[in-house]
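Here the chain labels run A, B, C and D in written order, and each chain numbers its own residues starting at 1.
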Amino acid sequence: MTDVVSYRPEPGDFAYTFGGRAAVRRVAPGAVLELYTEDCYGGQVREVGDLPSKVCEFPYLNPVTGPFHVEGAEPGDTLAVHFVEIVPARDWAISSTFPHFGALTGTHATATLQPPLDEVVWRYDVDVAARTVRYRARRGDFSVELPLEPMHGTAGVAPAAGEVRMTLVPDVHGGNMDTPELRAGVTAYFGVNVPGAMFALGDGHCRQGHGEVCGSGIEAAMNTVVIVDLVKGAVTPTPRLETDDALMAVGSARPLEDAYRISQHDLVTWSAGLTGLDPLDAYQLISQAGEAPVGNVCDPNYTMLAKVAKRYLGSANAYDGVHERLRATARHYLSGR
Amino acid sequence: MTDVVSYRPEPGDFAYTFGGRAAVRRVAPGAVLELYTEDCYGGQVREVGDLPSKVCEFPYLNPVTGPFHVEGAEPGDTLAVHFVEIVPARDWAISSTFPHFGALTGTHATATLQPPLDEVVWRYDVDVAARTVRYRARRGDFSVELPLEPMHGTAGVAPAAGEVRMTLVPDVHGGNMDTPELRAGVTAYFGVNVPGAMFALGDGHCRQGHGEVCGSGIEAAMNTVVIVDLVKGAVTPTPRLETDDALMAVGSARPLEDAYRISQHDLVTWSAGLTGLDPLDAYQLISQAGEAPVGNVCDPNYTMLAKVAKRYLGSANAYDGVHERLRATARHYLSGR
Amino acid sequence: MTDVVSYRPEPGDFAYTFGGRAAVRRVAPGAVLELYTEDCYGGQVREVGDLPSKVCEFPYLNPVTGPFHVEGAEPGDTLAVHFVEIVPARDWAISSTFPHFGALTGTHATATLQPPLDEVVWRYDVDVAARTVRYRARRGDFSVELPLEPMHGTAGVAPAAGEVRMTLVPDVHGGNMDTPELRAGVTAYFGVNVPGAMFALGDGHCRQGHGEVCGSGIEAAMNTVVIVDLVKGAVTPTPRLETDDALMAVGSARPLEDAYRISQHDLVTWSAGLTGLDPLDAYQLISQAGEAPVGNVCDPNYTMLAKVAKRYLGSANAYDGVHERLRATARHYLSGR
Amino acid sequence: MTDVVSYRPEPGDFAYTFGGRAAVRRVAPGAVLELYTEDCYGGQVREVGDLPSKVCEFPYLNPVTGPFHVEGAEPGDTLAVHFVEIVPARDWAISSTFPHFGALTGTHATATLQPPLDEVVWRYDVDVAARTVRYRARRGDFSVELPLEPMHGTAGVAPAAGEVRMTLVPDVHGGNMDTPELRAGVTAYFGVNVPGAMFALGDGHCRQGHGEVCGSGIEAAMNTVVIVDLVKGAVTPTPRLETDDALMAVGSARPLEDAYRISQHDLVTWSAGLTGLDPLDAYQLISQAGEAPVGNVCDPNYTMLAKVAKRYLGSANAYDGVHERLRATARHYLSGR
């Protein structure tokens, strides 16, 4: 008998930080959460004439739904969050440039004396049934359909050491990792830092290129279903993802090679632990079999992932098989709907 | 009637730089080159007991076959090199750590006071017919087959401005880019800096993970066939790749985000030029449709690629269709063998 | 008539974050604060046998004294903090390596597979009267006196956007900037983000080399006197320092060139505003007359400063002369003691 | 009896690379070289209307005088170059921005889609007798005198491994280090990579701020006197500088923290070797006593130095006292002129 919690926040209910907020709900491990998440513009950008710098007010950007207190979660445990489905809530979605934000512009940190790029908004048509989004150039009549591949840019827990971080920041607590790998079918693992873990979720994208080079994906409100669970006594030093086929570790840092190093280091040591391989043997195996999906190269920390197919790791079984169990729960939930 | 040039260098014939060497052959545009390339160890590492630091002598690392003078190539032209096939020349291949080299160790540049990691050699079995390589752990009996996916780590032309660069370095002339995308079926484009372009090739890998995290792929001598051609008057600011399905731009720099920026910037401006899109419209399209394959995160410059499927660019036709013509020549060559 | 507030925290009174804490005192603008600050080890490392990883407990590192609520401070104002004197509170001080922390070692972010450097503690003799500290090698009998040049590594205010940051982190709110420029005679400026500003101070160093390469200075408890004041309606985008002779801007970021860019960008635009120079004219002047003192190259963000002598800026008068007024108040306070 | 070699290159005699050039002169160790060096614009920018992008032609930038073959220099030796005097050759000097070059602009590597900053030239008056240069704003009538502190931005030897590098690049062979520390009174040390070392010199600056933030110093032709000497069998891994009072190591790399790491690592290990200190003891001493002068943050590699006062290193004697001997030779030369 599975707990199902449906939660749709009112406008004043969103959080803009990880940490520093009271829980919106207490949920039991194993609970299914049916959630509504708003887009990164707080739903304020609806037309190409709605410039984010005009209609959005810092720091009320990138709202997240939550946090959820998961009963029994304690520091030293791992929170497992299985993504059952991610469905755009509207038939349109937005992307934009934003002054001094993005990879191909001077920014607050990569400070230059050049004026910012033009602030431009693109509005996409979203066809959930056909699983497409339509891009339309702002100048000229070029238009093309792209596959709909929904994901969440932002997911995480309260940070350690009493910190509170803006939802725009990715770090070891998760946050704004902006990786297309965070899609339906994935189980995400987060180290628990505070009682209840305090999980929150937002920043849905209909799809996103690698690195989110202009600074935003195809931003959309989402109806998303996740299942939360606990792995007691399991340490997770940086967020990890698991699919039926692959294991992934997430690194968020600057410069970008440090995001790469964090993710590869964690995948090497995790793989060594799972297989019994010597660390240098695991280093060699990942060197030849590993992948490195790029998350974002525009946020306050950049994000890269290290990824390896499970079939190369023998009989490795991560987190005592929680992914398989959550997959089964998800099938049960979906079939019973 | 296609020119076919077969060339197998003797031990003293290899080059260790791009630039600064006389051509080993003059070839006409359109010529098919049947080449032998040695592995990055110069073939000196054959067993797990052959430590690279003992059997290799700096700077005689990473030998390349060439350079080839392509008749008629002048600064301001583009050299097109189509990779017809890449076949391992032996039934074994080598990978290793190397002291203070690789992504998860202090290096010459990321200088630390820690002692180096152990220098360890792995020998792989190569089965060309089955298209597999076999990994074997050095400690314990773990073993696994990986797909054979041959590629060249190093390819390029003489640099501009009279420079001569070690073959270990990737930069705008090509060089040690170490990207798995440089495989059979690809056409690579290089801006010509000196008369004859002076193309050279080496550093075959049976396969390589993303970033070449330990510092080496599965290194192998190769029998490789390429077709060289010229696109007169076409400027190529940084190396580019084309397949039947995709366009790619290559960035090599430190820190890694600059390699990302160079590659994405070139793909955005190249796509804008091919489609007639406004640069910000192209920026947006690549932001949602683009990929970012990681080359290496261990060489003197790091390498990332920006990639986009041609189907998203409408009727774009790069370099006046030379890729299609070289594909046809390749089929003709292969069928006549 | 000057307010003088003396405050010596008890062991449980220290803060380990900027933000997220109630004020320990409310003080009026113009108040003199006589403060005791504990060293970054919380006073737990007293002998060379006291290893920080054993006697300190994360996150109870780098305690700060405060926060102080400055009456009338509102977001959009600038808090001015004049450092009157910084005097070591003991006749000894400590420095150490710390596992996977420092510039010449792999770290959490620059993740390597090498074991950490040895954890070693050095104890210095401090002679306040002679203004010297004595270094003693741990192996062998080499010993040398260095000048005593007291400074505070950590000073700042509550961050914007509801964030709470560990005291180990430097950013636009100040924090662990670890610059030797934060010494007696300096006025520091911080943009106010929350009512009361919530100023806190800690991490005294008897001296520190440029970059704090091993990860710690000569760490000491301090008796420090500061005067706090407000500049209403003055925006300070990143911390700034002023002495009788120079203006400085502080940049904290990774990679280190971004810390450089932030600081130089702020000094260029600040100088342009003060002098009426065109921004490119100010860029040129700072390019030839500017300095770039290095703060730290070991903390979660690195810190660099941009500095220019006031005599090169004509009649520029920063923050309406508050530094001069606070200097006068300091002289008055010191003469009346 | 000291050899004195006077050499003033004709327009066609300048070199634009380190390596790849025949010697302009053979000189004996101990020879005094009286040299003329042209400015980085090749003397083509004389007025504020002479835009570098119009009057200079890539790659004919940053000409150097030389190379000089020093008799007896062999790989594995160290070349010592003592700077006796550096005197501006004209009563004017030039600085400028250059499109997509400098620290506060997008560049070729930090590629952005923003248009370049305006290209602007500043012409300075140089008064050698008064030891001043005069800055004049291009817009408005702001003007100020700055101290004349002549230095050379570019000095070095032929690289290792058969490489040839543009004079714009700093690396372990020296090159375009752009540090104000390379002034009269300094002895510079370079590891010898090829027979004769092939020393060359150029890029005089009347002065330069830290980091050369706009991309150029106050660029001037110079009449410069150096004395060259050899230290046989002494290995120098990266350029080093010595004054009467200090030792310095030079690091050139990207990101900037790696330039810092290289320089600090070399200073720590060099100091340990000179004093007999354990490496961690030297790490600690440099952490508290060391400085980190910034060279450039705009060239293809960035440059930082690590510096320590000799008085903190006991009886350390670098390179067997060659600096002292060359100082004596310099005094003898100057007194005999």
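In this section, contacts are C-beta pairs under 8 Å (C-beta built on N, C-alpha and C of every residue); 3 or more make two chains touch, one makes a residue touch a chain.
The chain lineup, named per UniProt: A, B, C, D = Amidase.
From a predicted model like this one, the values you see are computed outputs, not experimental measurements.
J.: Can you list every chain in contact with both subunit A (Amidase) and subunit C (Amidase)?
T.: Touching subunit A (Amidase) as well as subunit C (Amidase), we find B, D.
J.: Would you kindly say which chain has the C-alpha centre located farthest from the C-alpha centre of subunit B (Amidase)?
T.: In terms of C-alpha centroids, the chain at the greatest distance from subunit B (Amidase) is C.
J.: More contacting C-beta pairs: B-D or A-B?
T.: Here the pair linked by more C-beta pairs in contact is A-B.
J.: How far is the middle of subunit A (Amidase) from the middle of subunit B (Amidase), if each middle is the mean of its Cα atoms, in Å?
T.: Going by mean C-alpha positions, subunit A (Amidase) sits 33 Å from subunit B (Amidase).
J.: Between subunit A (Amidase) and subunit D (Amidase), what is the gap in Å from one C-alpha centre to the other?
T.: One centre to the other, that is 48 Å.
J.: How big is the gap, in whole Å, between where the Cα atoms of subunit B (Amidase) centre and where those of subunit D (Amidase) centre?
T.: 35
J.: Could you say which residues in subunit B (Amidase) touch two or more other chains, in rising order?
T.: 104, 110-113, 117, 254-255, 261, 264-265, 268, 280, 283
J.: For the complex, which residues does subunit B (Amidase) have touching subunit A (Amidase)?
T.: My answer: residues 95, 97, 103-104, 117-118, 120, 122, 133, 135, 137-140, 142, 144, 146, 207-218, 254-257, 260-261, 264-265, 268, 275-278, 280-281, 283-292, 294, 297, 302, 304, 312, 314.
J.: In the complex, go through subunit C (Amidase) and note every residue touching subunit A (Amidase).
T.: Those residues of subunit C (Amidase) that touch subunit A (Amidase) are 16-17, 19-20, 58-59, 108-113, 160-166, 251, 253-255, 258, 261-262, 264-266, 268, 279-280, 283.
J.: Once bound in the complex, which stretches of subunit C (Amidase) touch subunit B (Amidase)?
T.: It comes out as residues 104-106, 110-117, 255.
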